[in-house]
Amino acid sequence: MQTRVLFFGKLKELVGAEQSVELRSGATIAELFERFANQKPELASFRSSVVASRNQEFAPWTTVLEPGDEVAFLPPVSGG
Amino acid sequence: MQTRVLFFGKLKELVGAEQSVELRSGATIAELFERFANQKPELASFRSSVVASRNQEFAPWTTVLEPGDEVAFLPPVSGG
Amino acid sequence: MTLTPHDDLVLLVRDPIAADTLIHHVRQADDGAVVTFDGCVRNQSHGRKTLYLEYEAYESMALEKMKEIATSLHTLFAIDGVAIAHRLGRLEIGETSVFISVSAPHRKAAFEACRHAIDTLKKTVPIWKKEYFEDGAVWADGELPPVPAATPAAKPAS
Amino acid sequence: MTLTPHDDLVLLVRDPIAADTLIHHVRQADDGAVVTFDGCVRNQSHGRKTLYLEYEAYESMALEKMKEIATSLHTLFAIDGVAIAHRLGRLEIGETSVFISVSAPHRKAAFEACRHAIDTLKKTVPIWKKEYFEDGAVWADGELPPVPAATPAAKPAS
């Protein structure tokens, strides 16, 4: 299935703002992050200081993705 | 001695805004209030809900006045 | 208009309060937060429809007490600038009667100082509000300011 | 610009924030208090001189989270109106990055709600700040938003 993936802040500088990836049905957010970390090893070091969202809602790493989902990987937020 | 006395809020409506009175040397603020309460008996009923100031500082009733002091009698404040 | 040693702004005014001017006065380059309190005239009081208000003050003392509040904020909180303005005379519904602006490097101090300022103003500054209703006018219930205890010399011997 | 069911105003903007418009939006005739928080760009960060900032956001999600904050304020506090605006793009020293205005019949609720709004925004809204110094730029330290626990169905069997 096709999944849209967004990166922000320092993650964007490492991976790019937006990607579209083909995932196996039943893949989790953790698996999706793994895919990018394999391509960009530096990304793995951010794993513990990143949260994920699915369709604009914060989502745990174990979330199983559905076709058409929009996933984002978000570093610590610093608005205000 | 000559003392300037000011009244505010509902006290002003009862007694007038400003008066100048002749007091014995060593008179207290309580004595000064008494003087006005004798002239205007309704004023006496406000005694427990009035505070006094001397020279723009809150002052206890027992304060002994000096020549040239400015005394004010202030009902509960309601600014803001 | 009065400036305190900390360059704070303290005002009693009869025209509408210029909020922008007050905020501009407190903002400095090392401030990250400005908290403002805007007290405005409500359309009712204890369920009765208010037509308008009139404020009067013991002006010289009110300015002194407002300056004391501004000065005390610098002792109590890590803040930079303070502006406090109160309007006098007739005020219509929705108009601002009191405006307080506090700047600080960080937001916690700005919030706490602004809150402390309005709470203290309502208890200690000699200003009175008269509320005009369709069927008459009353002086608003208020708070009796705390008065310092009598000095020992002034107390009767025990 | 987005209006919530409570007619709250939630905005992400690239031009200077129009504070007057936001305050005007929240003021209603039965309000006695409006508390505003104005977060502005400081001239230094951890002792290093700041030249300017850049903010970026996950805009669709940031607006959702800001709306959630506004809506939650009505549940938590006795308030009337809320306006929350955050600026994006390049900001100079002293410019306002975030502006929050809350109106209420009484001041306690307005203060508490405004404080809660900015505290929550800083923890949950996906916006990022990059600080530009004379010798380079860094993404500001931030807070990791809380993430809901995995649903039982998604957990491995124990």
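Order as written gives the chain letters A, B, C and D; numbering starts at 1 within each chain.
Simple rule for what comes next: a contact is a pair of C-beta atoms (placed from the backbone, for glycine too) under 8 Å apart; a residue touches a chain by one contact, two chains touch by 3 or more.
Everything quoted here is computed from the prediction, not taken from an experiment.
*Asks:* What chains, if any, are shared contacts of subunit A and subunit C?
*Replies:* Joint contacts, listed by label: D.
*Asks:* Using only Cα atoms to place each chain's centre, name the chain farthest from subunit D.
*Replies:* The most distant chain relative to subunit D turns out to be B.
*Asks:* Rounded to the nearest whole Å, what is the centre-to-centre distance of subunit A and subunit D, using the mean of the C-alpha atoms as each centre?
*Replies:* Those two chain centres are 24 Å apart.
*Asks:* Which whole number of Å gives the spacing of the CA centres of subunit B and subunit D?
*Replies:* Measuring from centre to centre gives 51 Å for this pair.
*Asks:* If you average the Cα atoms of subunit C and of subunit D to get two centres, how far apart are those centres in Å?
*Replies:* Taking the mean C-alpha position of each chain, the two centres sit 27 Å apart.
*Asks:* Using the touch rule from the top of the page, what residues of subunit D touch 2 or more other chains?
*Replies:* In subunit D, residues 39, 118 touch at least two other chains, as defined above.
*Asks:* Using the touch rule from the top of the page, what residues of subunit B touch 2 or more other chains?
*Replies:* none
*Asks:* Using the contact rule from the top, write out all pairs of chains that touch.
*Replies:* Taking the chains two at a time, the touching pairs are A-D, B-C, C-D.
*Asks:* Could you list, by residue number, the parts of subunit D that touch subunit C in their complex?
*Replies:* Per the stated touch rule, the residues are 20, 23, 27, 29-44, 93-94, 105, 107, 110-111, 114-115, 118.
*Asks:* Which residues of subunit B touch subunit C once you look at their complex with the stated criterion?
*Replies:* 6, 8-10, 49, 51-53, 56-64, 72, 74-80
*Asks:* For subunit D, which residues count as touching subunit A in their complex?
*Replies:* 39, 55-58, 60-62, 64, 86, 97-98, 118, 121-130, 139-150, 154-155
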